[in-house]
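Look at the two complexes coming up: subunit A is in both, with subunit B in one and subunit C in the other.
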Partner chain A sequence: MTPTVTETSGIQIRQLHKSYGSLDVLSGLDLTLPAGHIYGLVGPNGAGKTTLMSTICNHTFPSGGTILVDGENPAENAGVLERMCFIHEDQPYNDVFSVASILHVMPNFYPDWDAALAQRLVARFQVPVERRARKLSRGQKSAFAIVISLASRAAYTFLDEPYLGLDPTAREIFYEELMTDFGAHPRTIIMSTHLIDEAAALMEEVIVLHEGEIVLQADVDDARSSAYVARGLADEVRAFAQGRDVIAQRTLGRILSATIRGQVTPGDEDKASANRISLEPVSLQDLIAALGIHTLTNALTTENR
Partner chain B sequence: MNTSTRSLRLYLSNKAYVVGVPIITLAAMVLVSVLIALVMGIVVGLPLPHDVEEGFRNNLGSLTALPGFLVSMGALAVNRNFAMALAFGSTRRNFWVGTALGFGLTSLVTAVAAVVLLALESLTHGWFVHTHAFDVTAMGNGNYLKAFAMTFVLSALSLFLGALFGTVYRAFGASLTTVTAFAMGIVVVGLIAVGVWQRVRVIAFLADWGLWAVVAIVAALVAAVAAASYSANRLATF
Partner chain C sequence: MAFANDRPIFLELADTIAADVLAGLYPEESQVPSTTELAAHYRINPATAGKALNTLVDAGIVYKKRGLGMFVATGAPEALRRERRAELHTHYIAPLLTEAKRLGLTPADVVDLITKDPS
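Now for the complex of A and B:
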């Protein structure tokens, strides 16, 4: 039975640190994830996405801080951990286990295991069930991880770059099945991804990690309306951007695209139109890329203004 | 379902591997013993004459055939199955307990197989050629209980030894696994040296207690290695 989502359920993380030797991967991270939503965990390679999910699931140990899942510490807590499913992007499988033998044992781990869903997903993704799991191709491994993750109906499902190696058709199947199943069985899904715009429609909230810190946690729609892009001749755009919070810019020949924090006002539209500047909604991908650059440089350099 | 039982089920996912291969290995060892007897028979005649047959009582195939495979199986189980069990929401403790139960089951089935093969060997008068694979000194000279106990503890020791290497690797990485293997090698060499040094006492001890003394010592080693593996597993990460 799918657990009921309550006001108090969810994940609370306070001052989470994780380091490997002298390398700090997570640096005093605070995060609250109410249950029953789909979260997108994004950020550049090495930002700490997989480490964060591994630490929540007790796959690795935190160096400091606290993690609570539904108010309990998940460390060696069978009652909490058995409600989690986290297939790593590079998940090792026993050399001699076939896909079928693993699927056969899954109901033992997850009482809400949906065998019919697993069977349908295996067929749709064309996962070869008799093949040894470690012999699957990159795309087949991703598809197999999706099969287990969705069919587990785990209250807390973690997806680690779930689309790796999947072709566009398979990715569409994944998005469709995830939304359908989530609609029927709401639960908490945390998905790390680099295909931000493609997965944006799935996410309710986006969490941006950069160098072990959260640089943005926002509702996806709110995030997208938090900035806009001004595009036009470079000199015109620079003049328009004067005094505004420009968080990124990109030049192509004489054309400059500036990502500006804030919302477009009617006055802005008139000014832009008069200067042949188009004002466009920012894509989540561009916004996150801009935030990453903004964090590093904090502002545009003088010569670029 | 008890959460340790889940890991036991995972361990048993491929029964042909965790149960079938040890039995096939023992059967293959019998086949090799028979083939050797047949080759010797070309010179001394078949069935083998009594003095040659008695020589086969020193056959150590029943002791040496399994450990290599079982050590690798134990290491693989706690390495790959561990990563799978964690992904599927298991605790380290429940994974280890479930897998240890699986090791016990493999050891039990292997020991039963050894007893069955010993019975067949006795019924067929040494596989029709008067050779010996299980009715040997190292297995109690046809004593079913001793053959069972010896095979059980040896299988368990092999599996838990593999598990120890596997868990140390998961907890501390490749370097410390190498150090552990090296340290265990030194311990074994040290024990052999002590045995040689105190050979008179050792022989007297074995004469008094016989194979049961060896079984007891191996069983104690199983307990020690299992405890070390459990401790290392508490620190293992994905």
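Now for the complex of A and C:
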């Protein structure tokens, strides 16, 4: 399968609303995802990650707004939906069937299904093929879902927290197989995760969702260079941070670590070292945690902005 | 290799490959791993691996043979050696002297330590 990339290829979302009863999960979300990249979807529990993916995949209907996949509305559109594979955090399978029989019927759902890849991955993850899906352990269920997502070769693959119960060895296998297969068969992969630093190297772009809104969409390296940490004696760090955009701070005794939005200039470095302040890079995970807290604080103090 | 968390991964990877070239692991005119191989091996996005290789192409350390892959340029180890000698002061001597000063050691004390070093 060679995906043809055109100006309409990819996902375009405009003013997407989704509410469950009186609960607004997504409130006017805009998102453009060009095809052929790996996107990391991150944010706290309840931010709307699963809802966003379910809505794009037409597992649930939007309350308002438009979604276009390769220029078409995916809602009950078989031509679009067969290009999508969505692996839920807790993927339900029809429990009377064995792993082998589920794999056997998969080509009916995914036109680009690669049976040889599925066989190889099942063996590598040591998923017992004769066992009923219901009887698989938590980790085996996750591994099996990963096998399906990779072997589907779907043009749009959605992975919602794909590695519950997977041990570090199995996660490393997953990362390696994902990169290998993506390299050979480029496609669009959207993966939600809480293991941000561990998965950061896999992503080209990170999308931070917070309370149903996108608070950051950026290249991973650009995101990390969008903030830094100033660490030193509390008074000196406070003086240094004066007039800067501080998005998080933590203290340890007399030491204050402030996460500051912006880029370090050579002048900053001189000023910092003269005041025994060290300027350090921020991890993606710390940045995202800081943004989450920052957004909340901002919401409470919007009159200042 | 685990990537340090303080620099973009593509720079870390470019440095690693350059260090391997310098150490002779990839001799002149030998092939370096492809984007796909690097991505799978280090579990990083192929775009990141591609950026690392492009950094090395821009630096003249590797070059592309159309349809074949990336190869170590003739003279690359010598060029790297020259570049690293020029950077020895910034990367090693200056931090060493800063630390020595913090510990109350003079440059002469440091020279003394260096000359007495058993290795």
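The rule is simple: the second predicted complex is superposed on the first by the 297 of 305 C-alpha atoms of A that agree within 3 Å, B and C clash if a C-alpha of one lies under 4 Å from a C-alpha of the other, contacts with A are read in each partner's own complex, and residues count from 1 in each chain.
The working rule: a residue touches a chain if its C-beta (ideal position, glycine included) is under 8 Å from a C-beta of that chain, and two chains touch if they have at least 3 such contacts.
None of the values given here were measured: they were computed from a predicted structure.
After alignment on the shared subunit A, the placement of subunit B and subunit C results in a side-by-side fit free of clashes. Of the two partner chains placed by superposition, A:Ile11 touches none, neither subunit B nor subunit C. In the superposition on chain A, contact of A:Leu41 is made with neither subunit B nor subunit C.
Between subunit B and subunit C, B contacts the larger number of subunit A residues.
Between the C-alpha centres of subunit B and subunit C, as viewed from that of subunit A after superposition on chain A, lies an angle of 140 degrees, to the nearest 10. Legend: residue contacts after superposition of the two complexes on their common chain; A:Glu280 is shown touching subunit C, with no touch to subunit B.
In the superposition on chain A, A:Ala227 makes contact with neither subunit B nor subunit C.
By the touch criterion stated above, A:Asp197 is placed in contact with subunit C alone, subunit B being left untouched.
Overlay on chain A (Cα): least separation between subunit B and subunit C is 25 Å.
Within subunit A, no residue touches subunit B in one complex and subunit C in the other.
Remark: subunit C residues 3, 5-10, 35-36, 39-48 touch subunit A in the complex. Those residues of subunit A lying in contact with subunit C across their complex are 37-38, 172, 175-176, 179-180, 182-184, 186, 197, 201-204, 221, 224-225, 280-281, 283.
Contact residues of subunit A toward subunit B in the complex are 54, 57-61, 76-78, 81-88, 91-98, 101-102, 104-106, 108-111, 148, 152, 154.
Across the complex, subunit B meets subunit A through its residues 1, 3, 5-6, 9-10, 13-14, 17, 76-77, 79-81, 83-84, 86-94, 237-238.
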